[in-house]
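Just below sit the structures, each encoded as structure tokens.
Heads up, the next two complexes both have chain A, just with different partners, chain B and then chain C.
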Partner chain A sequence: MLEHAWNETGPRFKAWLAALLLLIGVGGFCYSIQLGTGLGVTGMSRDVSWGLYIGQFTFFVGVAASAVMVVLPYYLHDVKVFGRITVVGEFLAVTAVIMCILFILVDLGMPSRLLNIMLYPSPGSVLFWDMVVLNGYFFLNLLTGWKVLEAEYTGIQAPDWVKPLIYIAIPWAFSIHTVTAFIYSGIPGRDFWLTALTAPKFLASAFATGPALLILISLALRRFTGFDAGQEAIRRLSIIVTYAMSITVFMIMAEFFTAFYSQVPSHMYALKYFFVGLYGGNSFVLISWIFAALCLLALILLLNPKTRGDEKWLTIACASTFIALAIEKGISFTVGGFITNPFGRVTEYWPTPIELGIVLGIWALGAFLLSLFYSLFVTVKRRSERGLV
Partner chain B sequence: MKKPLNISRRTLIKATGAAALGIIPAGTLLVRAAGKPHPKALQAKSWAMVINAKLCPPGCRICQEACHKAHNVPNMPDPKQDVKWIWQESYNAAFPYETHPYPDQANEKRAYPILCNHCENPSCVRVCPTQATFQRPDGVVMMDYHRCIGCRFCMAACPYGARSFNFKDPRPHIPSVNQAYPTRTPGVVEKCNFCDERLAVGQMPVCVEACPTKAILFGDLSDPASSVRQALAANVTLQRKTKLGTRPKVFYIV
Partner chain C sequence: MQMLIAFAVVAVIAAAGYIGGAMPGLQFIFGVVLPLVAIIVFVVGFVRKVWSWAQTPVPFCIATTVGQQKSLPWIKQDKVGNPSDAASVIRRMAAEIFLFRSLFRNVKAEIGPNGWMGYHFEKWLWLFAVLFHWSFLFVVIRHLRFFFVPIPALVMGLEKIDGFLLLDLQPLFLSGILLLVGVSALHLRRVMIPQVRYISHGIDFVPLFLIAGIALTGILLRYVWPTDVVAVKSMTMGWVTLKPVLPANISPLFFAHLTLVSALLAWFPFSKLMHMGGVFLSPTRNQRANSREIRHVNPWDYPVHTHTYAEYEDEFRDKMKGCGLPVDKE
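The block that comes next holds the complex of A and B.
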């Protein structure tokens, strides 16, 4: 079946893959520099000891988890229109998990010792559990996505053991993002992270990001491959994005209330740092206001049924949602925990070109894998719909 | 041409077996010898430190210099990516949220030595995914530089800023290497180890010994007769960020 990812593709697709390969090469080159010199080539420091890599990891765990937003309605609520795109969601999850593992790998000071996590299992460490749940989620989605697609390809029903795995993958999706949130929300002295709202907020923003991305992917697939997810599926996804985005913004506002009404300094520092700067540090002010503006734009377009129902406006709303939450979870949230440092000072962080090159390479690798997965998916769909099975 | 070794397979197996039989007891003896504590080793149920900041002259860096020299701590060119085991901070930096705008003038000028608190309930140990950082029965929080994967979860989890990461190769930045203590590779985390290598051979921590004003006391917190317990009984002392529940074992006389 795998050969269909490649065999029936045109020159435009191949050029796209070649361009992505080039970017992967750029990422690989940047990583070779980092590997030679150490993480000193990044903008990270003793005070801001996690940066873009861990932020991106967190963000893509959310993207991976959000596949459940098509799988859950289809399998538990019999929302038939999602039947055509559950596999799209599952392959998105698989790709996102691969990206997550790469983001962790490039963040390690000693990547050659990665397997120490398995050699010396430490059940007290949230990172250990994150490794367990991410790997489990990866295999669950790879197996179920593959078997469901294969069933369509061969015209033979998927084996019985696939169904239970699909059901297990549903709560598992919630677990991966919860465990990722617990990395942050369970450590003393980082008051921006130390809130029970972290895990619920992560889940809510993931369920806005992922379905927004799925809408964008569905529209792209229709435009470039002719595969149509269906009006109704997109309409339903857009409602999910609307609810999830509203809940996310609500939770962020709730954080503001607690910090600024209580007036507890350590709870206000990170939020002040983001929006007005703190102690002369203002690297994040611009992107924080971009984040706020995009959230507002997305909410206006999503909450209004007319704009939500219009594909052009919906595209803008979904792109705004995705970019806004990529800023919030993909970098700001991680850095915010380090504001202020343990001595009450602000150390600024901003990714270096090498850091950005590595991140770009991993994004390109994700796009590359996703393109191949979807090329395979679209070809199999086309064959089965033409009755070629 | 060299003559091939004329050994039959049988002889070879026999010789190998005999050698193995010889190595095992010899090896066991070596391991036994290595596991035996030094006759003068200092032992305690719970090591702790009391620092009398009143005796700590501002601008003095003697403890830092002695410690960093003994432990091959580099002087990294970029202060944002520096490695530090013990250094000085102002009262406001050492005790944020426990300050007010009208401090007494003496304390305002005072410098507070900052180091790993060797917490009784260490969050860094809890989060480490490989047990590369661990707590000994005597309370010393240790680092295994050979197991650390450099994920820096411990740095995020330490509320005291006591941990350093080797962002770049530290070796070119060590003024003179002390051959008796290992240097580190890039990519691992390190911090103060309460001089475990000195305790093991009957010596007090190097900062305690180096301090010209005897401002640093080191002893067993579980022993009411120890120097640290007596100092705690006789003075007003502070710990950094007690509300976090980490139960630090470095106390400051203010």
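The block that comes next holds the complex of A and C.
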């Protein structure tokens, strides 16, 4: 079955894979520099010890968790239209988890000591549990996605033990992002993160990001491969994005209210730093306003049923949602807690080219894996629809 | 039962090595004589076997094919599955030797609850075979460090990659672990799938136990009960330079490891493990599938006396005409 990811593809697809391989090579080269010199080649410092890598990790945990937004309606609420794309969601989750693990790996100063997390487990640490739930989620999705696709390929029902695993994967999806949020909100010294809203906000923004990405992927699949997820599936996904995005923005606004109405200094620092700069530190002002503008644009386009129903506008809305939240969760939220330290001082951070190169390489690797997964998926679908099972 | 005998054979070999290594009087036999004899048997046996295969005539075009043959220009040929030129044959061989392509194609027929039959991709044999063979290659290359001064850069580089992960600040060589995992999984597969167990003889289990034993003693020697590696190297260099030395403080466990390896080497040319050399020489893989493009005449064809219909008619034309039978030529 695996060979179908490759055998029936055209030259354009192969060129795309080659381009991605080149980018992966760039990432690998940058990583070899980091491995030789150490994390000093990144923009991170004593004060800002979590940077772009951890931000990206957080963001992609969200993407991984969001697979549940197609799996849950299909299996628990019998929303038939998602039946065609549950596997798309599961493979997205698998790829996202692989990217997460790679982001953690590149963030380790001594990656060769990786095994210590299992040799000397510390169940008191949220990070340990994050490792456990992420790996569990990876295998759950790989297994269920594979078995469901294989059932379609052979024309024989998937074995009985697959269903329970799918049901287990649903709460598991919530757990991975909750545990990731607890990594932040479990640190009492960092006021920006020390709020009970962190985990709900993570989930809400993940459920906006993931379905937005799924819509973009579905449109791309239809354009390049002829696989149609269906109008109704896209319409329903767009409603999910609308609700989730509204809730996300609402929660962010609520943070502003608490900080500024009550004038809590330690809560105001980071927010001030982002939007107007603080003590001369203003690296994030520009992208913070881009984030705000994209959020506004996405909300306007999503809340208006006319634009939401129009594929062109929907594409723009989904891209805005994805980019906005990639900025917020992919970097700002993470570094915000460190840049403004508990003493109300600012230590600037900005990723270096090498750091960006490594991140680019991991994105390319994700796109590479995803392309192969979807190539396999589309071919199997095509065969089963032609009756070639 | 046959499996238990195979296990007992391997256990006896290991025990012999252990005991031999523990007794100073026998150390020379197990540390010098046996390995050298094993290497000689291996090299000579291997060469003889390959030579005998190379001598065997292959008169027919018997390439096995799994794809569209070269045909009309608008029909797409499957170049790897059905190679018709040398470059495609090389690609096919490379895919076979490095990636085990024919194992990858393994499918399993299955009848579902609805009574339909389907074929699913049975990947475990391929996966564990790849894991096992590549790990074994890595392990063998790493062991070259015992036979070279200075140690080749290739070996050092491989060690660095293989031992990237640290176990208590000691490099953990993944290939060794994966070798044991791979061989155990292949063994389990043999035992657990009824059809595969049915076609397994006792002798099929011997290499599995032998290699598992080698991997296990190797892992124990490295991580649990280390021996004096410097002494081992002086011994191995003794073999290479043909000036045998027998250092004092080498543990009996090392002799068990060494004896198992010697047994594997000595038995290799006479066993199914010769697929290592055989894969290169299998006519069904290394021939061009051009039996329709070119007429392959069997060089051994005996000059048979034939009598074709045309000749027959020439001979009996008059008689045939006489009794009114139709003829081709008037």
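The rule is short, and it goes like this: the second predicted complex is superposed on the first by the 386 of 389 C-alpha atoms of A that agree within 3 Å, B and C clash if a C-alpha of one lies under 4 Å from a C-alpha of the other, contacts with A are read in each partner's own complex, and residues count from 1 in each chain.
FYI, a contact is a pair of C-beta atoms (placed from the backbone, for glycine too) under 8 Å apart; a residue touches a chain by one contact, two chains touch by 3 or more.
Since the structure is predicted, the reported quantities are computational estimates derived from the model, not experimental observations.
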Chain B versus chain C as contact partner of A:Leu114, first or second or both or neither: both
Residue contacts with chain A in the superposition, chain B compared against chain C: B
Which of chain B and chain C A:Arg46 touches, first, second, both or neither: first
First (chain B), second (chain C), both or neither touched by A:Leu127: first
Chain B versus chain C as contact partner of A:Gln263, first or second or both or neither: neither
Contacts of A:Glu150 with chain B and chain C, given as first, second, both or neither: second
Which superposed partner A:Met1 touches (first chain B, second chain C, both, neither): second
Touched partner set for A:Pro188, first chain B, second chain C, both or neither: first
Contacts of A:Phe343 with chain B and chain C, given as first, second, both or neither: first
Those residues of chain A which chain B touches in one complex and chain C touches in the other: 111, 113-114, 119
Complex interface listing, chain A residues touching chain B: 37-40, 42, 44-47, 49-50, 104, 107-111, 113-114, 116-117, 119-120, 122, 124-128, 131, 183, 187-190, 265-266, 337-338, 340-345, 347
Chain B to chain A touching residues, read off their complex: 78, 80-84, 89, 92-94, 96-97, 123, 126-132, 147-153, 155-161, 163-169, 185-189, 241, 244-246
Residue numbers on chain C that touch chain A, as the complex places them: 104-105, 110-114, 116, 118-121, 123, 164-169, 172
Residue numbers on chain A that touch chain C, as the complex places them: 1-3, 111-115, 119, 150, 153-157, 389
